[in-house]
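For reference, chains read A, B, C and D in written order, and residue numbers begin at 1 within each chain.
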Amino acid sequence: MNATRKLPWLLVLLVTLVLALVAAGCGGDDDDGEAGEDTAPADTSEAPAEPAISVGMVSDTGGLDDRGFNEFSIAGFERAQEELGVDGRVYVSESGDDYLPNLTAAVDDGHDLVIAIGFLIQPSVVEVATEATDVNFAGVDQFYGEEPDCGGENQSPCTVPNVVGLQFPSEEAGYLAGIVAAGVTKTGTVSTVGGIKIPPVDNWIAGFRQGVKDTNPDIKLLNAYSQDFVDAAKCKEIALDQISQGSDVVFQVAGQCGLGALDAAGEKGVYAIGVDADQSFAGPQVITSALKPLELAVFETIRSAVDGTFQGGTNRFFGIEEYPDAELLAPFTDAVPADVQAAVEEATQAMINGEIDPPATFD
Amino acid sequence: MADAPLLELRGITKRFPGVVANDHVDFELAKGEVHALLGENGAGKSTLMNILYGLYHPDEGEIRLNGKPLRIDSPRAAIDNGIGMVHQHFMLIPVMSVAENIVLGVEPHSGPFLDLDTAQARVRELSERFGLAVRPEARIDSISVGMQQRVEILKALYRGAEILILDEPTAVLTPQEAEELFAIVRSLQAEGKSIIFISHKLNEVLKIADRITTLRFGKEVATVPREGATQEGLARMMVGREVVLRVEKPPAQPGEPLLVAEDLIVVDDRGLEACRGISLEVRAGEIVGIAGVDGNGQTELIDALTGLRHPASGRIVVGGRDVTDATAREVLDNGMGHIPEDRQLRGLVLDFSLAENLALHDFRKPPDSRFGWLFPRRLVQRARRLLAEFDVRGGGPETPAASLSGGNQQKVVVAREVSRDPRVLLAAQPTRGLDVGAIEFVHRRLVTERDEGRAIVLVSFELEEILSLSDRILVLYEGRIVGEYQPDVSEEELGFAMTGGLENEAA
Amino acid sequence: MADEPRASTGSAVTEWFSTRIGGVLVPVAATALAFLIGGLVVAITGNNPITAYKAIFAGTGLNWFFPWVSGDARADAANDLQQTLILMAPLILTGLAVAFAFRCGLFNIGGQGQYWVGFIAALYVATNLEGTPRPLHVLLAIVAAIVAGGIWGGIAGALKATVGAHEVITTIMLNWIAIFGGTYLYEIGGPLQGPQESIPRSDEVFESAELWPIWGSLPALHAGIFIALFALVVYSVILNRTTLGFEVRAVGFNPEAARYSGISVSKNYFLALAISGAFAGLAGGIDLLGFKFSVDVGDFGTNFIAFTGIAVALLGRTRAVGILFAALLFAALEVGTSTRQLDPEVFEPALAVDLATMIQALVIFFVGAELLIVYIWRARTLLRPGQAAQPELKQ
Amino acid sequence: MSTQSRTALLGNGVRRLTEPRTIAILGIACGILAFWLALPPWTVRSVGGPLAAGFVALACGIAVVPRGERKLGWWAIALGVAGTLGAIWLQTKEAETLDSILTAGVLASTLRFATPLAFAAMGGIFSERSGIVNIGLEGMMLMGAFFGVWGAVWSGTWVVGLLMAMLFGGLLALIHAFFSIHLRADQIVSGFAVNFLALGVTGFLYSSIYPGGIETEVSRVPNVQLDFLYDIPLVGDLLGGVFGWIMFAVVILSYVILFKTPIGLRIRSVGEHPKAADTVGISVYGVRYGAVVTSGVLAALGGAFLSIGFVGTFTENMTSGRGYIALAAVIFGKWLPGWAFAATLLFGFGFALAIPLQREAGISENLISTLPYVLTLVALVGLIGRSIPPAAVGRPYVKG
């Protein structure tokens, strides 16, 4: 009886605890949160006219703050909201099971354009788009083949009239990063840390390796995968191992996990190259970052839908040839000597002219 | 001794849901006195003492020490007021040393560190003073039960106990060990300690106590001085009627041997030989009692006979069939009935209904089941019949076993085992913790079953039970059968054999 | 302890509870409490809990059952309800996987591994054996899933039975092995990778192995729900109407007494975990054949359905009916809090997911702590003097 | 362990296979194999074989020594170490970069993998020694990881980060304690709920406080610059971090507290026989609360090592199962701090091994990733059964 008699106090204590846990964490955030709540409706009410079109963004797995596909694709959507006055919302996929229901929901909610992020979602896009012919679709990191090179074994899905595939030759930026790495290495060994071995990861690495080789074929190349996009400790260990093998430039292609690789380079006093966005916040060891124009691609796609130039049944490439002005590398730090910068400049031109075409895969 | 009492309990009342365990009980203890608290199991003795020791809180009543009212709300408070208790189930930690157990809670320390050397020295000193002969560095699980009890006493003395509560202290002891305990009690008394001695055994109460207080159904019956008290008078007070102390039974008419064991060697969980070549034979229509102090191989012998543990060598035959390598189920199916020790742990699934408990052995066979398909309604029907036949009270077939009283739980176990019509019935401690009524029931039932021609093995630590029920008595000591006796043997002689006296003589 | 009156507060009181109110009160109260505290969390973050919960409810599709919902709203509700029911099927099964072991006194955390192993086995059968007639192909794939899951659970069971390895630890290890091993099979260059060299994805199952769709499309509610419901019946029958179930329950309640009754404890440990694994494996099988049809490496790390299954089993108190409703609740919770259902202006999508996790945790907490509910119930009766606050316990 | 029922021959056979003696001999065999593989003239292409064999040898040795098979067990450990070192030596001969291998090689990596595990395992020992099963270690680590970062960012100093991690890890443990001690909930269920809760709470807070990720520089637990130590290649790497020192201190302190102080005696007594402790006036509930909260604090330190000690950021669910592995280490190490630490080193070695194996052997990364778990499972077979837990672990105590 004793235990139960004391319960009221403990109950109070417990509830307080749970609340304390949450409240403590939220303390600093309350202002932001509420500010956000207040301004969001205000924005829409101040919007100049009817929203041009409505856009549904269906994310890939891995969360919205992944500093990768999701975050920067959605950044493009947000830019379109501001600059083009489009309307719409984001559908988060927690797992592959969410792809179909999310796409279906996006169609049912009456969006004019649905942008699906990630190449794994592609089969679901084909399925939904074939049914919802009055809605336009765009697929980030997706490629749609033409007859007869499509649909069958070992081939990409065929084009669908209302779908555009958005393609990023990440190997181009990877190639430039490789030139930088080859230019700054002193030990003659450079390395890459990949997340999971999938094409969007390997594209970067393939370009990087080619860039290094083209600059100096004697440089030793290391590569390893963490099998993980979140466990930063794992990527850090891998990077440390590579550094112990002599690598003094580490290029990470592993999302949040890769932040650990950047950290390892900082700790060991070697160079690192970020990916997706300018990751110089991780420290001065990050001499540059290889970029993927996700934001641009999504914004451009939405713009085409707004001004009526959207064309389905095809692919759009966001490579250096199509968008010569697109930034492929984040600003260099002082660690990158001028001659290396010049070499990068030169290679960029060569790619624009089509003289260099880095491979998208490697052995 | 009639001066102001050292300790007084006045009008103590303690209710548990559905039960009044203590009903306005008065009790007093004088300095230097041994005061026995007598009563059946369930009479409220332990509850009263647990209240005094701060483990329970009384609903009514007060406790006075040296005339001053005292509030004891925890064992700590009891200890601080010089009250120590030796529990019936020892409160010792098997994997720790004697010294660690004794100093637990009041550890000597140097700085933040435990000072085990000092602890051992102090324990040794105390042990010598009271003639206890305890080795402070020994591990509890390596010393005998009698020694463990002394550790418990030392634990109380170490904490400066002036009042010592001994709860059923002889229940686990051999007669010799009990004598040694009485000597210790007297030496404690000589040192001025006051002792409350809880027991349900009349003879030992008469032997050791200065005064005797009897409890029945939670109520105090009377307090009498030892002078002039008789066994019969005390028994009447305790039970409320004349008790038959000996089971009346016609002489046995043994038939063919139903259980034969030859040269059984059985190893225990630690891989040590617990039974070292046991041979025995039990015939139809006789009760063979196996006497012995706990831990001399009883558990392993029972396990081996029932197929729960395979003997390392030897042979077991039940009803003419060799079951040495049979599984427990095969042995049971071959006509073995087993009333296990500790009904709550081994005899019953407390969360099962009575119907399910009654089917625990036979659920695999028709009519309970067929081809693995169970017929719950048939279980209930049979249970209804058995519950009536064995006079189980407190619930129907669907009642969970947990909600029955101990006596009725044991009746369920007996009903299950007997109703299977076994050829051999193995009863281990079948009356432990039961009240007199239930004990009588179990005893009578065992005799009835004997007379129906079953071979009955009774394993018990209670000499009285062995003596009153058995037709033959085997004494088990250190894994061997060291003697066979007729039921008219004296307790002393049995006790001598049980403690290895015969072996030592032979050596 | 002998004849000491069983003075314990807990068991007797809770026993009274589970018998008197049919065991329904505790889970219901636990859920209510969990939502209450979840609501407080929502409120602390500056949102309106009632609006949030309303939105979540609307997202579950359960409003489809309200006759006054019509038109577009009804079509939406139908869509949502399909999703809820699709998710409910594997949740029932993973819940059963936990519940069955629980009845034998074991805690099966390995449902996730068993799910994947079943999934992979079904996938192997469903992507081979071309030309098999549909019912047979489906049956073969499902049997493969059941057997594979059973083996995976059986490994933990065998280790428990023979050397006493704690099932919590072995099943955790087996989970990781299944997840990494599965990823290995379908990775680029993996032995079972599908036709597209550059994509780490399996083959598609043959149409002849797909479960029949029954309601809606993209993805449609499939016949797996019937399999799951049938499994509930099987579970209940095994436990209550077979000697196997009798043994499992006896071992679960009191292994020592079971052993003394001639029941082999180790055999039942093994069987219980193997059967548990079979349920979880079946969950993987019907997910594959019902709506997934293939797998890519990204799926392995992002699926936690068996962990939700633990919550389902606990909330359902390991009873078939309880598991049914608990699975419905958790499926609804997952679907209702998914971002496609929540208006971002009502509740920020990224937070809703974590909120659902928190509510699940709270439900598990409160279900596990009957005493708390008992206490609150008591406090309620104490407020009404004159009524017997003290439940009568014995005799 | 009385349920050790005798399922005829199968059980007996397996038991014989899992006798400490047999395992020790197996370990020795593996150690010799590792040594032999590592030595020329046998030139293996990859370092994987000898490393794996050395791992098994170590596992066997660590498993049997605390179980009584001392002599053979130590031999297995010695040969395992020799084989492993031999393998590394071989590797350095090939790579000819002795320095870099030794400073950041497998051993240093092992220690870093083991650090968070060791903190959590020590916590687990405290909790379980007092009789409370704690599978909530994972959640408590996660709390530590998040609030470590939060405190460090908010205050700008890692000291506050550590304090916050400990505080919130302790608070979460307090919830577990309340449910399993006062409410007598099933401890495994409660621990499981703790893990769920931590996942939800940290995810929720992370998304709402740092919607764009943590972009500011996080104050980190620094490295001690003891020049004379830091200059020695291997030692410098092993002992360079404050966290490493804290970890060693925690392991040693855990041992001292549990076995050399009155507090430890009381904790153990409560875990073995709570009623006995109660009758001598020890507050069973008090001791258990203390032990469980301590376990939360320690586990949270392990989590904080991951975030502000090692990688300097937080990611959702970043502990990814380490708490469960720590729990396995506790059981593996027989609830003894020293041996549990050895077990964490072993697991750490398994993870560390996966990296050079991937680099050298060229097998699928995913397949290699299963290695630590498979090896653990193999090593666990037959050993766990022999670990006798504190007698009262997992059982709620009802005060009279």
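Rule of thumb we're sticking to: contacts are C-beta pairs under 8 Å (C-beta built on N, C-alpha and C of every residue); 3 or more make two chains touch, one makes a residue touch a chain.
None of these values were measured; they are calculated from a predicted model.
Touch-path distance (fewest steps) from subunit A to subunit B is 2. With chains reduced to the mean position of their C-alpha atoms, the one farthest from subunit D is B. Once the centre of each chain is set as its mean CA position, subunit A and subunit C turn out to be 34 Å apart. Between subunit C and subunit D the centroid-to-centroid distance comes to 30 Å (mean Cα coordinates, whole Å). The mean-CA centres of subunit A and subunit D are about 34 angstrom from one another, to the nearest whole unit.
The distance from the centre of subunit B to the centre of subunit C, each centre being the mean of the chain's C-alpha atoms, comes to 46 Å.
Residue positions 1-2, 4-5, 175, 182, 184, 201, 204, 207-208, 211, 366, 369, 398, 400 of subunit D are each in touch with at least two other chains. Residue positions 2-3, 7, 18, 22, 26, 33, 63-65, 197, 227-228 of subunit A each touch two or more of the other chains. Contact of a single residue of subunit B with at least two other chains is seen at positions 56, 308, 327.
In summary, the structure contains touching chain pairs A-C, A-D, B-C, B-D, C-D. Remark: subunit B residues 16-19, 21, 41-42, 46-47, 56, 89, 306-308, 327-333, 338, 340, 344-352, 356, 359-361, 363-364, 369, 372-374, 376, 394, 400, 402-403, 405-407, 432-435 touch subunit C in the complex.
Chain contact summary for the complex, subunit B toward subunit D: residues 50, 53, 55-56, 74-76, 79, 85, 87, 91-96, 100-101, 103-107, 109, 112-114, 155, 159, 269, 308-310, 327.
By the touch rule above, subunit D contacts subunit C in their complex via residues 1-5, 7, 10-11, 14-15, 18, 135, 175, 179, 182-186, 188-190, 192-197, 199-201, 203-204, 207-208, 211, 321, 324, 327-328, 331, 364, 366-367, 369-370, 373-374, 376-377, 380-386, 396, 398, 400. Interface residues of subunit D, counted against subunit A in their complex, comprise 95, 97, 100-101, 103-105, 108-109, 112-113, 146-147, 150, 154, 168, 171-172, 174-175, 178, 182, 184, 201, 204-213, 215-217, 306, 310-313, 315-318, 320, 351-352, 355-356, 358-359, 365-366, 369, 398-399.
Residues of subunit C touching subunit B in their complex: 1-7, 11-12, 15, 240-246, 249-250, 253-254, 256-264, 390-395.
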